[in-house]
Structures are given as C-alpha cells and as structure tokens.
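Presented below are the structures under discussion, each in the form of structure tokens.
Each of the next two complexes has subunit A plus one other chain: subunit B in the first, subunit C in the second.
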Partner chain A sequence: MEKKKHKGSVVERKKEVLSSLENLGLSIYEQIDGGQFPSITMPSRSTENINYDPQLRQFILGDRRVKRSARNIRHLKPFAQLVWAALFSNELSSQRKTSTLRDVYYSAQAYEMTFKDQQESNNIITDLETVLGFSREDFNIFPEERSAVFGDLTIEYTVPGYEGKTMDLTSHPDGVMIGPALTSAEFVKTKADKVIAIEKGGLFTRFIEENVHRKFNALLVLTAGQAPRATRHFIRRLNEELKLPVYVFTDGDPWGMHIAMVIISGSANAAHLRELNTPDAKWSGVWATDIVNYKLPTDPLDEIDMKRLLELQKDPRYKEDPLWHREIKTFMKIKRKAEQEAFSRYGLTYIVDEYLPAKLEETR
Partner chain B sequence: MAQTTFEEISAADFFYRNRDIAGFTNPSRAIFAAIRELVENSLDAAESLKIPPDVYVRLSYEGEASAETQIYKLRVEDNGMGIQPRHIPSAFGQILFGSKYKLKQQRGTFGLGGKMAILYGQITTHQAATITSSTGLAKIYMYKLMIDIQRNRPIILDRKVLINREQWRGTVVEFSLEGDYFRAMPRLLEYFKQTAMVNPYANLTFVDPKGRLYKFTRVTKEMPEPPKETKPHPYGVDVELLQRLIQLTSCKNLLEFLRVHFHRVGDITARKFLEFSNLSPSKNPKRLSHEEIVRLMHNLKKFKDFLPPDASCLSPLGEELLKAGIVKELRPEFVAVHQRKPATYAGHPFVVETGIAYGGEVPRRGSFILYRFANRIPLLYDEASDVSMRVITAMNWRRYKVMPDMPISIVVHICSTKVPYKTVGKEFIADRPEVRKEIANGLREVARQIQHFLSRREHVDRERKRLGVFSKYLPKIAQFSAQLAGKEKPPDIEKLLKSVRQFGEEEA
Partner chain C sequence: MEKKKHKGSVVERKKEVLSSLENLGLSIYEQIDGGQFPSITMPSRSTENINYDPQLRQFILGDRRVKRSARNIRHLKPFAQLVWAALFSNELSSQRKTSTLRDVYYSAQAYEMTFKDQQESNNIITDLETVLGFSREDFNIFPEERSAVFGDLTIEYTVPGYEGKTMDLTSHPDGVMIGPALTSAEFVKTKADKVIAIEKGGLFTRFIEENVHRKFNALLVLTAGQAPRATRHFIRRLNEELKLPVYVFTDGDPWGMHIAMVIISGSANAAHLRELNTPDAKWSGVWATDIVNYKLPTDPLDEIDMKRLLELQKDPRYKEDPLWHREIKTFMKIKRKAEQEAFSRYGLTYIVDEYLPAKLEETR
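Up next is the complex of A and B:
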C-alpha cells in the first residue's frame, strides 16, 4: 500500500447529493403544480422499525414507511422545515460552504422559518438524511464536537481555496482535526498498515509522544469519547478505501466498550444511514479480562454502570460475538472498572511497550 | 339600691336610638342608605302604575359639619303614582306607616325606609324635609315636615297647594343630611349601575356634589307584569298571623275561614284539611282556644295536599329584560339568561333568575364577578356569606369549560314576597335548600349556554388558526421547492388553500 490514489470518491458523492436534493425539490414542485398537497415518504425511524442486520453488522431501518403530507396540519410545519433544510443544504453544497447544526438552527430565522429549539432543527436534519439516504456531513452540515487524526497519511483537500493542496497528517504534533475539510479530502497515500482509535485525548498525545505511529506503523485516531459521525465515516473510509485494519482502545468499562461497539456496528440513531460503521474493526481493550490479567488498579462499578451492562447484554449487537459475552460477564463478576491510564502503575511507557503489542496481536 | 324606672318609647324613638338596624351606621353608609331608600320608593311608585320610571337624584353641598363630614342637600324626584295629600304627612313623618304591608313583591316592606332617611337628616341638621307630590290631578301638594320623635307623629310646618297646570305626576323629596359622600361614592355609583342593570326600563340620573352627572338611560319601555296581591299560603303561617286573621275575620265557620283567608285553599282542600286535623268545618274560628290555634298552625304545615303557591304575586324581570339590563350595563361579548319556574320555601313563592356575561367589557379578575339582586334591588354587602356565592364555589365549572380566570360576570336575581334574608341588614340571602337548588339549577342552565358558546367560538378560533398555519407554510413550501428545483417562480397554491377553506366549512 505504498501509494494509492482514491481521488474521485468524494467529488462523485457530492454530485449525487446535489442531484438528490434537486430531485426532492422538483417532486414537491410538481405535486403542488398538479394541484396536490405535496407529500414525502421515508422509512420510519420509530424503534419498532429499527432492526439489527447481522449481515451488514449494523442497525438498519425496516420496511415501515411514514408519509409526511402538507395536507396534515401537524405535518405542515415540519414539512416546510424539511424543504427549507433541503434548500439550505443545497445552497451550502453548491457554494461549497459548511455549517454546523447550530448554524442551521439560526439560519432558519433569516427565512422566517423558526425552530422551537436546537433539538427540533436537529430532528429535521435527521429527517432529511432519512429521506435522501445521505448523512448530514454530505450536505456540509457538521456537528459541534470534533476529533483528531495523526499519522502517515497524505490527503488532498477539496474545499474551496485549498483544492489540490496536500497535507501530511504527521505535520502537526497535536494531530489534525477531523473537520469538514478533512472529511471531504481525498486520500492520496499512506505507509501505515493499521488504524488505532483511542478514546481519550491524554493517551492519544502519549501515543504520539511515544512514536506509536512509527513503532506500530499506525494511523492514530482520537475519538474523544463517543466518536462523532464524521469520525466514524472517516474511520470507515480508512478501512475501506485504504484497506487498513482498525483497532479500538477504550476505557475498561461498559461505556468504553460501547464506544468501540458504535464504531464497529453503528448506532440505532443512525439506522437510516449507511457507511458510518466499520464492521471489521476490533475492540482491543481495555477488556474486563485485561483488568484481571494485568491486575490494574480499579474503581467499583456503580449502579448506573451495572444497569448499562444489563442493557448491553440484551442489545442485538452484542449477541454476535462470544468476546462481548465474555467481557460483559466478567465485568458483572468483578464489578470493577479501569481507565486506560491505569497502566501507568507499571510506568508511563508500559502501555506502549507491553500492553499495546500484546493486544494488537491478540485481536488481529 | 337604685330605683328601676320604666318608660315606653315610640317606634320613631326606637329607630332613632337603633338607626344601625336600618343601615344608617356611619356618615358614609348614611348617604348611601338615604339615597337607596328614596330611589327604591320612587321605583316602586312608578312600577305600581307600570310606568317606566324616571328618577332624578341630586346631592348638593351645603357646608362643613365636621372634619370628615359635610352637610348635603338630597333631592329625589320621580314620575311615580304620587301620594294622596292626606297620607303625605304620615308617609314621610310617621315610622311604620306605609302602603306596602300587602303580600306581593315590592321593594319596600316595613314602612320605615324613607322615614329613616328623613329622621337621620333631621337629627344631624335639625332641618325640615319638603315633600311635593301630585297624583296627576288638578293640584300639587307641598308639605314641610319634621318628625316628632317621642310621639312618632309628623309635625307639619308648612303646607302649600299649587295648581297642576302641566298635569305633573310624581313625588319630590328634599331634605338636608350630614354624611361623607366621597367615602360613599364608589358603593353609591355601583348601586346605581346595578340598579340600572335590573331596571333596564328606568332612567336614572344622579348629579353628585361636584356637579358630575351620572346618567343611566333606559333601553326599553317594556316592563315586567306588576305583581298581584296575594293571601298567605298555609305553609307560611305562624300563630301570630293566625290570631290576627281570626280577630279580623267575619267568617262564621272554619271551612269558610280557610277558603277566604288562605292562598290556594278551595272548598275540597279545606274539607280534606279539616278532616285531617280533626276539626269540625262548622266550628266558629273565634272560638278556638290558644292550644287549638297552635295545633292548627302545626297541621297547616304538616298537611301534604295544599297546592303550592302560585307566582302571580311575584314580578320577576323576565329573560328579555334581564338580558337587556346586563347588555346595557356590562357590555359583554356574550350573555345567557334563564328564568326558573316558580318554587316555594316555607309557603313563600319565589322565582330565581340567573345570567352569565362573558367577554367584551367584562373585566378579567381571576374570579367570577357576582351581581346579586333581590326583588330588583342590588345587594352590595356580605357577598361571601350569600347562598349564591356558595353555589358558585361548589359548582364544577370545569365541566362547562368555564375557568375563573375568564372575564365572566354572574347575575342572580331572586324575587319573593318574603326574600329569605339571613339577617335584618337585608344584604345576603340565607342558604335554604329550596333556594340553593333553584339557584344551582339556574346557574347550570346558563353555564350550559356559555359552554355552547365557548365551544363554538373555540371551533371558529381553531379554524382560523388552521387556515393561518396553511397560509403561512404552503407558500414557503412552494417557494423553497421552486428554488430547490431551480424554477423561476413558485407553483400556484391557491387551489390548495381553497380546499383547506372548504374543509373547514364542512367541519363547522
């Protein structure tokens, strides 16, 4: 995988997004022009319609569809909001600008379209995703929270003003933020042969300091807690386009475990979207069994942690693999949890020198 | 040991000493009570002829009396029936003299009110009262009077007879009194307003000491049927009344006595009753012993077959007039009124009329505004203790979609030959089950009507809102979709809006 050029995938996708937005407008225009109350149908996102697909190894929406009709007074406002959101996205995309969910909320006011609150405008964006089957990042709408990447990967920007410029992702020692520009960049070349995703900023920095990227020939991704969708999509692209295996390191508790799971199998909230998950990614630690085997310093699992474990036990995503079963059981048995930093008890470099290679080997 | 001395005092003396009883408690109440008594006499005098009343009241400043009180001249003029000259001195100068002791609905009852006002004026200013009256015949009579308090007799200071060229009919009462008008003012104006409300056929004019004119103009000349005089109903008699009737009667036997002196007692009923009471129909009533009279009274109350009293002795306002009065004084957006069928308590017939007014100029107070009336007189004091207030508080208004924070006024009018006042103050109605039931049913009826109105309006409102939503969002959807599709101008939405309007009409 010395040199690879994936140019084109991002630009192609942008074209598709634009034309699907226009088609949506056209369909509504024609319905009204024909003297009909316009309507839109889309897959239902109600919990009954969210199913786990073991083949795809992610949540998907079932066959149930809902109809938004402008004849129904209760649908009217969300309908108008949806069409507005489509128009707004269209303008963003064609002007090649980006915005955040927060911007969307405020921009609406300029069109005399009001959203009750941020939640309402977020929901409309999710509706638009569902209708078109693209995720909001495709419409140039990004969430607030940002994560980062570091390692031997050269990308080429497509954002205005930077078109054609390339960058090496080792050029900044804090890593490069996975924002709109990076998300829409094409991958040019890499020497890395794996991706290591890390939950916490402290450890991400430690890994860079300790030259993990070089020692292990890896791209390092900071998820910063639960990975944002742009980051999940980015990891998937690394996996798919560059064929890099992905290893996820989290805290040793139910929440960390689930961060890994969402990267692997996606979230129910995004069941209407594809290509946000990386089914072949591996959760490499910190496992409950690691806590036992490495005799890590621990804290007790509290009531909320235990409740979460019980929930996860019933979750279809966890049914798949005996690994998850074993770990949930072990957590329940030992009733303890450990942070990634807990390895410091064996010295600051122990995690890099001992633990990491062992786990990469174990979960390969 | 002190010597106990006994003396007799006259009725005038008694009320002079106990003027609180009649409402002349303090300088501000006194002004209010004096005006009220004279206005009510005037309304009675006009109504008994079924003439739409014209009452003119003027209170003018005469001078200082003390730091807080002033001396005023009060003049009340009406177009009523007038008084025959020979009765004028007693009617205005002798306490407990009057023409309204009969059993029919009238405002006045005691033969006291007008005199108390004059008496109060006399004791505070030591001046005579002037009464001018004509029954519309050739002459007008003018008397200058004072009351001899110890002997309860009028003292005539002057008497004039004038030629009645204009065929004027009515009465003018004029005298001076001490009082505190500015403290009395809010209640007094409220009194006029509420009086106008239940007397919508009357013209009331009031000129206050500052020369301000308050005019309440009639909206109709229709008047309620005047009441007919009635006899006491058997259920309502007491031993005292029986004894008085026995003394007066010329009937020679009990059968005739019952038939002649009691309301709704005919030959058959009288016979049945006498059998029930084990009394001989031929017995002379004057021969009844005291014990027999007491037993007769008890049996009269016990016997089940007397017909209930009829209501011809009552003169309720009627739904039309009540509505006119409410609309005139409250200017609401909506009004509902209801008249109950006559009912009785303890042998006394009564009729309850209710009204409810909503919106318009009715203020929003956080609780309902209650207007209470008895025999077309507003009751302004002791509202909380009144049976109407209790009924309103106990009622489940929510059922009628009525909330206390709505702009709502409630009107309750009770007419009776004997209004069941709780106290001698005549300011609130006692909580008697029969009365409570009538008021409750009357209020339920108007509540149903307002519920109907409110839900209709709600529907109209909803429809307007619905159309509003469509006219707000359809154009936007049209505009956004056109822009999105890259069209020059938005598609025509008129057709869609039309169908929205049609749909709304079908619903209604």
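Up next is the complex of A and C:
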C-alpha cells in the first residue's frame, strides 16, 4: 500500500513558530506601551519541577513558573538576552538561514549582546524553547552532528533554492544526511511499513547492502551513537505522520540501552518539549538476554558500565516496562556486554538473515 | 570549463586489488608446492623505519624489511592471521560487501581464526595493507565515521544495484555522505575549479546556504573534525583526478591546524600508503595571525593545547613550510585560540563575504 501524506505540515509549523515569536514581541511591546515594566513568564525547569509522566511516557514540567521582569535589576540581563534570542531566531527564520548553538553565542557579539560563556547562551535558547513551546530546530538552530536515513520515502524540500524539489531516500546508497534541509522536508510518499533505527555506521551500511529496506519494507535510520535531536525529531515525524512503528537496534550495553531509551522517552533536559521522543518505539536489541541466547562474543562490563546500570535502575523511565528491568538485571548478572558487530562471528549476514527477523517478530 | 574525466579508474583499481590478493595467494601456494615453508616479506613499520620524505611531503617506510615465515613457530600465528585476512578481504571484494575493522575482528571467529583483541586484528589488517600496497578501503574495510561533500560534481556509482547510475552532488542540500558507495564512484564531470574542506558541520551548512559552491565555483567537503581516511582519500582523488586545488579551513587552534596537516601530509601510521594525503593542499585558516588581524573572540590556550604546540613544533611535517612555524609561534605568543564560528561576531555571513575570499586569494 502506498501511503500519501497530506503535505503542508512543515510549512504550517514554520508559520506557527513565526507567529509565536511575533506574539512574544507583541506582548512585550504592549506591556511597555501600557506603562509597565515588561516581563516574561514560563514554566520552571528546576529539578523539583521536572516529573516523569507515565501517561505521556516522558519527563514533563510541573506547575511552578518563573517570571523574568525588567523591573528586577537581577533579571534585567537574562531578560534582555531572552528578547535578543527571540529577535535573532526571528531573523534566522524569516531569512531562512540556519545556525548552531555555538554560532548563536558568537553572533550575540555582533549585536553587542554579551554572554559570559556558551553555557549562558545555551540556557537562554532553552528558555526561549520553554517560552514558545517549540524546539530550537524549529527556529533554525541545529546541532553539529549529522546522522542518516535510507529507504523508500520520497520527500519534498522546503529550503530556499530547493522548494518543491523531491528526493527519493534510496538515491544515495551511503544514506541521506539528516541536516536542516531533510528535517524541514515534507513527506510525500512511502511504501515502507516500519522504521529500523541502528546505532552503528558499519551496520547501517551492511543493512543497505543486504537490502534490509526492501526485504523488511523498512526505512533505515542511522543514529550514529546517541541520536542527535534533529534525528530524534525526524524519527518521531516518521512515527506520527506516516504511522510507522519504530524498532531501535543498539549495542548490548548500558549505553546502547540508553540510546534506545532517549529515542523512546526523551531526556529530562527536554522536559519542556514534546516533539523529540517517540513513546511507542521499541528497543529490539541487543539485549542482555540476546547475549546469553545467541552466545555472543563479549567484553566484561567495567566499573563505569556497572555504575551506569545502577543509575538506570533508579531512573523513572526504566520503571514502566518490565523488559528494561529484566535486561538491567541480566546485565548485572552476566557482567558482560556485546556489540552489534558481534553477530559477525556467525558470518556477516547472520544479523540480517536470522537475528533481525526474530527480533522484529519478538518486539512487534 | 566543463571537465570530463576518463572514467574507469575505480574499476581498474578494483581489478588491481583483486589481482594483488591473487598473487599473494599464488606465491604462498607455490612455496608450499615447492616444498618450502611459506613466508611473506614486507617493509618494517617499526618507528626506526619511518622517515619523513620532504620530496613526497609525507612519511614513508625505509629499507628494513620483516619476514613472516611458517617455519618459525613464533611467526606461525601472525602468518596464519595474515593469510586469513587476505582470504577475508578477497571474499569481501569479490562478493562486493563492505566491512569495518570491528567487523573483521568478530568475523574471524566464524572461521575459527582467533585474535587476542581488536588491536591484534587491526595490526594484521595494517600488515595486509603493507604487503599489498593498497589501503584497507580498497579491499572494502571502511571506517565507521562518515563525512560529506556538496557541489557541482556528477559521479557514477560502481556498487551493486547502482552500477551506471549517476548522481549530482548538489542533489541533497544537507550534503552527500561520503561512505563506501561514494568513495568507489567514478567522477563523471564537474565545473568546479577548487575544493574547500571545512572542519565543522554548522559552517558546512552555512557555506551551502550562502551558495559558496556557486559563488566560488567550489566543491565543499565536510571533514567533521579529523577527516576519516575515506574522506582523505576522496579529497586526494579530487585533487589528482580532477586537478582541483584544495583549501582547508579549520578552527584556529593546534587541533585544527593538525586536521589540515593530516589532510596534507598524512600520518606516521600510514607511512606504508601513498593515497591518503594531498601534498598540495593548503591550510587557509583560521591561522593564529588571523585571530590577531581579525580581532576574533578567543578562548585561552590551556595546558594540553600548549603541550600539543610543542609537539607539533618538533614534528618533521611542520618543518617544511615557514607558514607553520610562524603560526605555531604566534599561537604560543598570543596564548589564545578561536573557532571558525567566531567570525559570526561580525554577522553570520561575514565569513563568506569577507574572510573566505581574502584567504583563498592569500593561499592561492
């Protein structure tokens, strides 16, 4: 079945972002016009106000709010910085240029706006996300990292110079980079019925070479370690807009497990946002129990790995599904870890011929 | 002027690789057939045998040779491992599958060939490179890392399923990933007259958005930090096959400087190879003197940066061109470093409008 997507969601969203920026400016203007000191109120992101919501299966912010007021001399600087960040984001969005957090930090100096260090400017950008309820990628501030996608999906660009051009994501057999242009593209059509996300570049290439996209009717996404935010947002869009189930394959260790978890439930740092995680995505392997069942070659878990497992055990995101607890316990018992490539001990294509179909079935 | 390249160089090279593997097998077979213990002789890669060649502007191996003989009981294991590595490389190449160093390590177990750890299997692959005079990418063992390219170059794929298909490297405005498929593609045509290599992903995107490829008639290559081997080989091919001069832009610190140097002169680890560096490439910035001249926002050089500068000062690769010495000295004097993004203090497009043309002219 060929799915056709009603296009326009990206363009619609861009308009919403611009109008939310405009509204912010307007509210400040009106306060000043009314003879008041202008202020901005937003949910607090302090640790006490971050709660895990089992319904949404992600962290959310509670009811506490903070107010930045130009009346308060201690607020004056962060207030001005926040207004500048909104101005700069508006310029980026309306001029259709992209930027990075690092770039924002230096760009401030062109406006004689000073930040103590990059940490300070990063925080202000997060404030702006919190105020507007959009993520910084929505106002064209992108991460440095790039990952990739491959498979039967036709997209349509919305970036300048490429508007209306389409691209089939099987065009380049090394995979198509997920950068600002792909992230802001509309989905036109796909025959795929699932998404398989893969941690490692070598395995991503193996999957393409072995035609996993065709044999399993799948879009393949490379996370390249911890998935960049733009990639997590992209995975969510595939899940939401195209209704494709998502399966995540990582190394069999606490770090791989957490790569899957962040795709599924997001991070506490992004408790103020809703569009960076995919609650229905599944962690399909490599599980600790796979290490046992498939008799994989392993390395010992070191002290840092063990410490990480103890942290994960206490993490509310890991408390929902008994699967995670079973796997954490098994890791602790066997005290071993295994990489995705470990399946090559049974031959290069074993992972595609045997392991992948078994795990897709098991985690369906 | 449109350059057309006589195609066939990649296919030709693949044939050479396969026949060098075949010759290796044949020589072992003939030795056994002649009643001798088989042996393999290759240049030594010990430190004493690695010399810097000012003519070639890279490290090369001297005259010392080592022999691995099946007669010597201590050689027996590495000899068998090397023969297995050749067998496995031959399988990869003839089946047209790619692999990674990590995959090679695990794959050995499918053949009941044991390696103590991955370091041991990596060494054996380097031995095989040394014996054959081809780099491991030639026999389909690729790095995990992926970088990207963008610009007016049409390539023709040689990988299975894509043979004969062409691709214009401006097709995807996020940049086209440099993986096994692109690395093994033939160059069909280009109108570009230079290559600009860039360290950072954010700046690579900025250059695309600002149409640097068109304004400066350039192919843009993202190195994404230290350029992966496949990317360095790709840059050399652009320089050699298409006769394009190469300009490298990095952060203004000892690490950025060395990213440029490795593109230009390669590394001591690859002294046994000739195709991973581009001796005529230029480091065009960010120089220490640029930091001074452009009054860039800076951070202090820390202890590790200073230590690195002292190491580079003693490195033979840095002794050739007075430019490097001047810049090392300037870094030591100003004790400051600056990132590429620092130019944003003069506005987002300053780096493209002012800095880039000035530096291209200066390092022509």
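In this text, the second predicted complex is superposed on the first by the 362 of 364 C-alpha atoms of A that agree within 3 Å, B and C clash if a C-alpha of one lies under 4 Å from a C-alpha of the other, contacts with A are read in each partner's own complex, and residues count from 1 in each chain.
Rule of thumb we're sticking to: a contact is a pair of C-beta atoms (placed from the backbone, for glycine too) under 8 Å apart; a residue touches a chain by one contact, two chains touch by 3 or more.
The structure displayed is predicted, hence computed values, not measured ones.
Looking at the shared chain after the overlay, A:80 reaches subunit B, while subunit C stays out of its contact range.
In the superposition on chain A, no contact is made by A:213 with either subunit B or subunit C. In the superposition on chain A, A:70 makes contact with subunit B only, while subunit C stays out of contact range. With both structures placed on the common chain, the touch criterion links A:38 to subunit B but leaves subunit C unconnected. In the superposition on chain A, the chain among subunit B and subunit C reaching more residues of subunit A is C.
Shared-chain residue A:113: touches subunit B; no touch with subunit C.
By the touch criterion defined above, A:229 lies against neither subunit B nor subunit C after alignment on the C-alpha atoms of chain A. By the touch criterion given at the top, residues 21-22, 24-26, 28-29, 32-33, 35-38, 70, 73, 76-77, 79-80, 83-84, 86-87, 90, 111-113 of subunit A touch subunit B in their complex. Contact residues of subunit B toward subunit A in the complex are 466, 469-470, 473-474, 476-478, 480-487, 491-493, 495-496. Subunit C makes touch with subunit A in their complex at residues 97-100, 102-103, 105-107, 109-110, 142, 144-146, 148, 157, 159-162, 167, 171-182, 200-202, 205-206, 209, 211, 224, 297, 339, 341-348.
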